[in-house]
Amino acid sequence: MKRLGCISQISLIIIAVCLMVIPFVYESRSTLILLTQIFIFAIFAMSYDILLGYTGIVSFGHAMFFGIGAYTTGILLQRQEPTMGIFILSIIVGIIISVIVSYIVGLMTLRLKSHFYAMLTLAFASLFQVASEKWRSLTSGNDGFTFRIPEILIDRSTFYLICLILMVILYFMLQRFTQSPMGSVLIAIRENEQRAESLGYKVLHYKIIASIIAGATACLAGSLYAASLRFVNTSVFTMDTTLDALLMTIIGGVGTLLGPVIGAGLIEFAHHWLSGLAEKYPLFERWIIFFGIIYILAVMFFPKGIVGSIQGWKAGKKLKKAVKVKHEKKIAG
Amino acid sequence: MDTMLKVENLQTYIGQYHILQGISFQVKKGEVTVLLGRNGAGKTTTLRSIMGLNPPSQGKIYYQNVSIEGLPTYKIANLGIGYVPEDQGIFKDLTVEENMKVAMKKQDAETIDRLEWILQLFPDLKKFWKKPGGLLSGGQKQMLSIARAYLNNNQLLLIDEPSKGLAPIMVEKVMDSILEMKKETTIILVEQNFMMASTIGNQFYIIDDGRTVYSGRMSTLKEDEQLKRKYLGIA
Amino acid sequence: MELMLNLIINGLATGMLVFLLAAGLTLIFGLMDVLNFAHGGFFAWGAFSAVWLYSLSGSFFVAIIGAIATGIMLGIFTEKIIIKPVYGNHIQQILITLGFMLVLTEFIKVVWGPNQMAAKTPEFLTGSWELGNVILIKYRVFIIIIALIVYSMVQIALKKTKIGLIVRAGVMDKEMVQALGINIKKVFMFVFIVGSAMAALGGALIAPYSGVVYAEMGMEYAILAFIVVVIGGMGSFSGSLFAAILVGLSGSFMAYFIPDLSLAVNMLLMAIVLIFRPQGLFISRG
C-alpha cells in the first residue's frame, strides 16, 4: 500500500466513493452545489500547487487561465448550441488558448527573478481583466452574461458527479506527473535552481512546461465554474480569484496536491457558512480577512500548511521510531 | 597579547554544502599569516566566516581572546577587523571620496591624519578622488579597497587575493602597501600568488577540502617542493 | 496646442502620483531586496485617511499630514511584523506581502465600509489659472509641484547625508556596508518608512484628483508602480521618476486617443524594456 501524505491511497479511494454516494442519499441542493464548487476550486488550487508547491514559482496571474476557460465556455455555449459537444469543444479551445498564452507569457517572464515574475503575472492578469471589461461586444463587460448549458449537466447530481470524477482523475494524473521524471526535475528546480541548471537541465524549458500544465488545468476549472453558474463576468479575471488559489494552496499545504483540495474545502465551506452569518451579523462580511491572517501566519510559521505539517509530523515520528529501533538494536547486538 | 585571532575547528555550511569541515589556526600579532590552498578549498569562506558573512555552524573564533562567532558582521567589523573581499567590494557608482566616507566612523583629527597618510601611500586615489569607483582600474580598485579597510585603525585585516588579475607592477605596489601596513596591523592574507605570499608572509596554513592540513613558517615552505606540489599544485 | 498642454499636465500629474508610489518600492527593493506587494495598501490607506480627516477637520493640511502619519505607522508595523520574519526568503516575502495587501484592503472596508467615498478638492486648489488662452487646472499643477519637492528632498538626502550615502552604498553592496561596521538593518526601517510615507502621500493627493476613493485603488496603482519600477530599474530613485513621467504621459495621451488601450500601452512599454534592457532604462549595471 503506497503511503500518500497523511492518508493512504486506499483511504482516499474510500473517501472518493463516499463522496460519490452523497447525491443519492442526501437531497439538499445547496449542499450539492457547495460540494461541486469545492471540487471545481480543488482542481484550480491543485493546478496552482503544480506551480508553487512543486516548481517553486509564485504566479499572481493564475486567474488569467481560469478566466480564459470560463469565458470560452460561456461564449461558445451562448453563441452556438448549448450541447455537450459544444461544451467539450469549449474546454478544448480554452485549453489551446491557455497553452498559447502561458507559453508566450512564460517565455517572456520565467527567465527573470521570482519578484519580476510575480509582478509581471500580476500585470498580465490585470490586462486580461481590463480587456474583459472593455471588450463589451465579446464579454458584455462587467455585467457579464448568462447562457444555457447542455441538458445533461442541468441536473445538479449529474454535474456534481462529473466534477467529482474530474477532480479525482486530475488528482491522480497530476500526482503521476509529479512523481514522473519530469516532475522530479521540477522539484529539483524548486529546491535549488542553480544546481538543476548546472546539472544540465534547461530550467526555463521545464518551468514553461509546468506553467502550461498548470494553466491548462486551471482553464478546465474555469470552464466547469462557468457551467456551474451558467453565468460569467469579469470577476473570473480578478485578483480575488488568484488569491483564492493562493489561500487554498498555502493553508491546505503546498506541494502535496491533497493540501489544495482540503484548502478548497475549507475556504469554500467557510465562505458559504460565514456568508450566511453575514446576513445576520455584518461583521462576517469581511470573513476573508480571517483567512488572510491565517494565510500570513501560515506563510510565516507553517509554510507547509495543514497537510504538509501533518506529513512532517508523521515523518518526524517515523524517524524517531526508526532511530529508537536502531538504538535498541545497537544495545542488543 | 600575542595571539590576535584564534580559530578552532570551524565548520561552515553554504546552503547544504559543507564547505568548511574543520578549520583551525592562530594568528600572531604583527605578522602576516597566509592561507594557502587550491581553488575551492575554502579560503574565502574562512575569511567570510570570521567576518560573520557566512556564520559558522560549529567551532570557535577568538579575537583578542573574545569569542566572536555568531556575532553580526557589523559588530565584528566594529571590533577592529577590516575586510578586503576578493572582488574588492567597491561601490561602483560612489566616488572614491564617498567610498572612503562610508568607511569613516569619526571625522576627528586622528582619522583625517590617517586619511592623509593613506592617500600618500596610494596617490592614485587622490587623483581620482571625485571620480566614480567603477571607473578605476583593477589595481586602483584594489588600492581603494585596502585603503578603506585600513582607514579605521583596524587591528586585524582580512585580505582576499589582492593580486588577482593585476599586472606585476601593481602586484608589487600591493605588496609594498601591505608591508607598510604590517608595521601597525596584523594581517590574514589569502593568496594564490606564491611569490607574493612567500615574500611577505610569516606564517602559513594550507587549507584543503575545507580543512587546515598543514602549517608552518613561510621560510620552511619555500624550500619544500613536495609540499608545494601536493597542496598548491605548484611544480 | 491647448489640448497638448492639457494632456501633458494630466500625464505629468498621474506620473508624479505613480512616482510617489514607485519610488518607495524601488528603494526598498534596491536596498532590502524585498518586493513589497503590500505597498499599494499604504497608498489606499493614505487616500482614505486623507479624505476622512478632511471631512472631519476641513483642513487639507491636516488631511495630508494625517495621511503621511498613517503611512509611517503602517510602514513601521509592516517592516517589523510582516517583513522581518521572512527576511532573505524571496518566496515567503512575495507570498506574505500579498496576503498583507489583502488584509489591508479588506480592513479599509471594515473601517470605512465597502463602498467608495467621494473626495473633495479643497477650496484654494479648485479651479484653474488662465495664461493667455491656456487653461491650467490648479490641482494638477499642485500635485506636480509637491511631487517634485518630495523628489528633490529625498535626492538631497541621498546625496548629501551620511544615511543617504549608506542607502546608496547598500543598494550596490549590502554585505560590504556591513563589513565596514554599519548596521544596515537600522537603515532598512528608515527607508521602508520613507517609502510608505511617500505612498500614503500619493494616495492622499490622488483622492481629490480622481474624486473618489475605493479600496481596490491600492492594487490598481500598485500595478502601474510595478511597471514603472521595471522600466526605471530596480533600485534607481531617479529612474523611477523618469519612468513614471514616461508612463504617465503615454497613459494620458493614449487615454485621449484610444482610451481602452491606456493600460495596454504601458504594459507594452514594460514588455519592450524587459526584452531589450531587463535591468531597466536607468541602471548602469550590465
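Each chain carries a letter (A, B and C) given by its place in the written order, and its residues are counted from 1.
Just so we're on the same page, a residue touches a chain if its C-beta (ideal position, glycine included) is under 8 Å from a C-beta of that chain, and two chains touch if they have at least 3 such contacts.
Here the structure is a predicted model, which is why all the values come from computation and not from measurement.
A.B. asks: How would one label the connectivity among the chains shown: line, ring, star, complete, or other?
C.D. replies: The chain contacts form an open line.
A.B. asks: By Cα centroids, which chain is closest to the centre of the whole protein?
C.D. replies: Chain closest to the assembly's C-alpha mean: C.
A.B. asks: Could you work out which chain's C-alpha centre is the most distant one from the centre of subunit A?
C.D. replies: Chain centre farthest from subunit A's centre: B.
A.B. asks: Centre to centre, by mean C-alpha position, how many angstrom separate subunit A and subunit C?
C.D. replies: Going by mean C-alpha positions, subunit A sits 33 Å from subunit C.
A.B. asks: Counting only Cα atoms for the centres, state how far subunit A is from subunit B in Å.
C.D. replies: Between these chains, centre-to-centre, one finds 52 Å.
A.B. asks: Counting only Cα atoms for the centres, state how far subunit B is from subunit C in Å.
C.D. replies: Subunit B and subunit C have C-alpha centres separated by 42 Å.
A.B. asks: Return the residues of subunit C touching two or more other chains; collapse runs of consecutive numbers into ranges.
C.D. replies: Within subunit C, no residue touches at least two other chains.
A.B. asks: Write out the stretch or stretches of subunit C touching subunit B in their complex.
C.D. replies: Interface residues on the subunit C side: 162, 165-166, 168-169, 172-173, 175-184, 284.
A.B. asks: List the residues on subunit A that touch subunit C in their complex, please.
C.D. replies: 56, 58, 60, 108-109, 112-116, 118-120, 122-124, 126-127, 130-131, 134, 239, 243, 246, 250, 285-286, 288-289, 292-293, 295-296, 299-300, 303
A.B. asks: So in the complex, the part of subunit B that touches subunit C is made up of which residues?
C.D. replies: 51, 53, 72-74, 77-78, 83, 85, 89, 91-94, 98, 101-103, 105, 134, 148, 152
A.B. asks: Quick check on the complex: what are the subunit C residues that touch subunit A?
C.D. replies: Per the touch definition, subunit C meets subunit A at residues 29, 35, 37, 82, 85-86, 90-92, 94-96, 98-100, 102-103, 106-107, 109-110, 114, 219-220, 223, 226-227, 229-230, 260, 263-264, 267, 270-271, 274-275, 278.
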